[in-house]
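Next up: the structures, one after another.
Below are two complexes that have chain A in common, paired first with chain B and then with chain C.
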Partner chain A sequence: MLLRHCEKLLKGVAFNPLCSIQSVGLKYFAPPINYDHVEPAERPKLRMFEKVPQYPPNLRPPKMQKKLRFMRGPELVHNTLLHKQYGIIATGGGRLRWGHLEMLRLTIGRKMDTNRMFAIWRVQAPWQPVTKKGQGQRMGGGKGSIDHYVTPVKAGRVILEVGGKCEYAEVKGFLENVAAKLPFKAMAVSQEMLDQMKAEEERREEENINPFTMKYVIQNNLSGCHKWVSPVDYKWFGKYH
Partner chain B sequence: MSARLLQIQCCFVQSVRNYGKLNKHLLFKDGKRYEGVIYYPRRPDQEDPPITPSKLLRVQRIKPMKGNTHWEKKILIDLKLDTNMNDFAIVKNIPENCERLWKVKHLVKIVPITFPYGEPTENDIDHTFLKENGECIVTKEIKIDDGRVEATRKFVDDTRKLDSETLVKDSRLKWLNPF
Partner chain C sequence: MSNFAQKALLQARLPLAEFRRFRGKINIQRPRQPHYERARVVAVTNPIYPAPPTNQNCFKESEHKLKTKIHNPYNDIIAREVRNWFEQSKMVAIFHENSITSDDLFKVRVALHRENMQLKSYGLAVIKNALENTKFEAVLSLFCSHHSIVFSSEAKVARLLRITKRTPQLILIGGIVENTLLSKNEFTNFASMPSLPVAQAQLVSVLNSAAGQIVNNLESHQKSLVNMLDAHAKREDGTGDSSTQSGSSGDNTDAKKD
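Take a look at the complex of A and B:
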């Protein structure tokens, strides 16, 4: 822009010696964003997870039940961003396989600028065993053998964080891209978005003038709803199915 | 390593095998007790408008007996509301009854009974009537109203009044030959 103006000015001087009006106005360039508060991480890229957890040699890998409660309900602990910058949160419950974690690691490692940015995991390596019976097998004969391991994730859980000297617009593209590929509903967020979402939820709760909220109806057994509501509704009143 | 093992073991320790309805009274902490009825208000600072409670309630069943839980059916049977939907029960507005009615509030219509002409006494039993909207009508004196008798007689004996036979005949002729 500036160059073009200079060119015009030079041209004016060169071809029309009478013209001496300046065509360049006063400009304001905003100061660059201050990233002094950003602490650099030890390693910029995500580390690789083990596909199978390592057990001591005398311990047989234990099999486990499905344990749906590990992915049902809201996440109460890992639901905030440690670096207060950007990340991916799960908006529904589900299970991450090793392949999903690899997809996240490789794509983010490839797309981000490692000189300025970093990424950290907020989930564990796959630890919950999932058993399967072989194809074409008749039923019976005990529980199948362990097929793979998964990481159960609840709604609201932060899966990974991206930070460093970067803006949300820089990371949004690839974070949304990988979030869409996860086996549950997930979204790319920044700290401002999380604060906004929380404030919006509180506002909606406060300004709701409907007397018959799900909580009120279920707690007071209105319309005999105790006959058909699920045990999950008793706890979270229609959310987190 | 050991931490992870410990975590996995903790998971086993925490496990709950049953999956079913949770005990409401243990789960919901924000209830208010009103003599046997536990009410969970919409907001903690909610205040209902003041009312003057009626002495009696008219209770009528509006839902089928079939498909209800045994405790709900027992309450309805005790109130003798289990046979006919048109039956109604009159119950005292006392804490014991309110507790029972609160449990079947989705199966019955409860109307407070009012006495616009005063409460009936023992002598008024023959001329007391309970309306569907809860008004208990007591006719204190039974006597013939002379004004109404006179008005009826005047209407019947009116010579200028057309009798129905004439009206029908006239209407039919007008229909057959309108112009």
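Take a look at the complex of A and C:
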């Protein structure tokens, strides 16, 4: 009798592919992550920024208006991770002082493993002057003198990147720790998280069944909204202020 | 009249839009609450998403989990080994394994090892991987619970049955002997059968006996004729001979009598 004729033997045996029986299985040890594509950086640690920008000796440091537009709206240029690994992004606008940058530099330099990881800045050194009048000064008498310098940051800007032969779980702790100390809302992200956030946003926009979006309302002046919308609403349609 | 001109024409009207040169700076960290009119529009333009389907199957998630299993390359290696065991063994016996202590199982293992048999058990996934799309595919339906498989390079079925008789926890459900799948009953029948050389000898003897029968049948007439002729010839010779013999014997008897 050949094996082909054996079905009749097995008629009584009920075979359920979904039946699951607890039994000892093989332990799965995943192969180590391949980091061949990661190029080592020549400087693992963050560079120290100058507290005050250097001007030529014949030039008086210029004073500046507040220029809120430097921190208003979305960041359109520096919003992706160059190394496609991990980093901190600002989720709201704000200004970084030299002290914040030092805090980032020192904490990350201390917490990360410099043999495997590296960190790079994605923001400039403080360049925008902020003036202050001295204490107890009466009003008037012109603009105050420069007190400190700041780096304005828009929502979505990458502040710094961390990379190397490491997983997100390794850097998440200290990145979130320092992100919480920044003077604006910021978060630690990985490239996967950024991709997910982008996809999620697209999905939400696609699945929205409300025909009246802010963009439609503003562009078509529904209920006379042009009376009260602000100039930035024509640009960002209520998403940013 | 002059009053009207003064009121309607000469008096400057306030402009609709009021410009202030230095409007206050906005707070970027904490935007102010929207005006009532704007808040109303914001409420209307809030995104609406279709409600998730209520008829979703609660087994869907587990199904998804089943589908997204990690592929373990070590499984493939073990599966190759299992396929090799199946292909190289003359006898494979599949047992359902009830609750058994490892001490008892060890005793069985030792007894089987003395007979050069191997007691093995593998995961369902490994066995599926090993036997799918091979000639052993039909065996797969036997593996749906705890099992153990005995592999042997010789078809010592009777020995195997004698060893496993002592452990009622191992229940035979089928086996493969020399590339033939056998049910439990066929397996036990096989054990009672003689070994192959003996069976072959029996067959040869049966064949030989048939040939001898034919020869006998064909020769029977001639033989009987020869026998009869022989008998006749003997009788003819035998009359003289018998007289002489009887005479001589008679002589002898006479002599004795004498």
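The definition used in the following text is that the second predicted complex is superposed on the first by the 214 of 241 C-alpha atoms of A that agree within 3 Å, B and C clash if a C-alpha of one lies under 4 Å from a C-alpha of the other, contacts with A are read in each partner's own complex, and residues count from 1 in each chain.
As a convention for this text, a residue touches a chain if its C-beta (ideal position, glycine included) is under 8 Å from a C-beta of that chain, and two chains touch if they have at least 3 such contacts.
Keep in mind it's a predicted model, so treat the numbers as computed, not measured.
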Comparison of chain B and chain C by chain A residues contacted: C
First, second, both or neither for A:Y35, with chain B first and chain C second: neither
Contacts of A:T213 with chain B and chain C, given as first, second, both or neither: both
First, second, both or neither for A:P53, with chain B first and chain C second: first
Partner chain(s) touched by A:K67 [first = chain B, second = chain C, both, neither]: first
First (chain B), second (chain C), both or neither touched by A:K235: first
Partner chain in contact with A:S223 - chain B first, chain C second, else both or neither: both
Chain B versus chain C as contact partner of A:W127, first or second or both or neither: first
Common ground on chain A, meaning residues reached by chain C in one complex and by chain B in the other: 213, 216, 222-223
List of chain B residues in touch with chain A within their complex: 1, 4-5, 7-8, 11, 15-16, 19-22, 24, 27-28, 31, 39-42, 68-69, 72, 105-107
Residues of chain C that touch chain A when the two form their complex: 25-26, 28-29, 31, 35, 37-38, 41-42, 44-50, 70, 72, 74-75, 78, 123-126, 135-136, 138, 140-142, 144-146, 173-174, 176, 179-183
Contact footprint of chain B on chain A as seen in their complex: 53-55, 62, 65, 67, 69, 124, 127, 211, 213, 216, 219-224, 226-227, 231, 234-235
Of chain A, residues touching chain C in the complex: 1-4, 6-7, 9-10, 13-16, 19, 21, 23-26, 28, 30, 66, 68, 71-72, 92-94, 183-184, 204-205, 207-210, 212-214, 216-217, 222-223, 225, 228-229, 238, 241
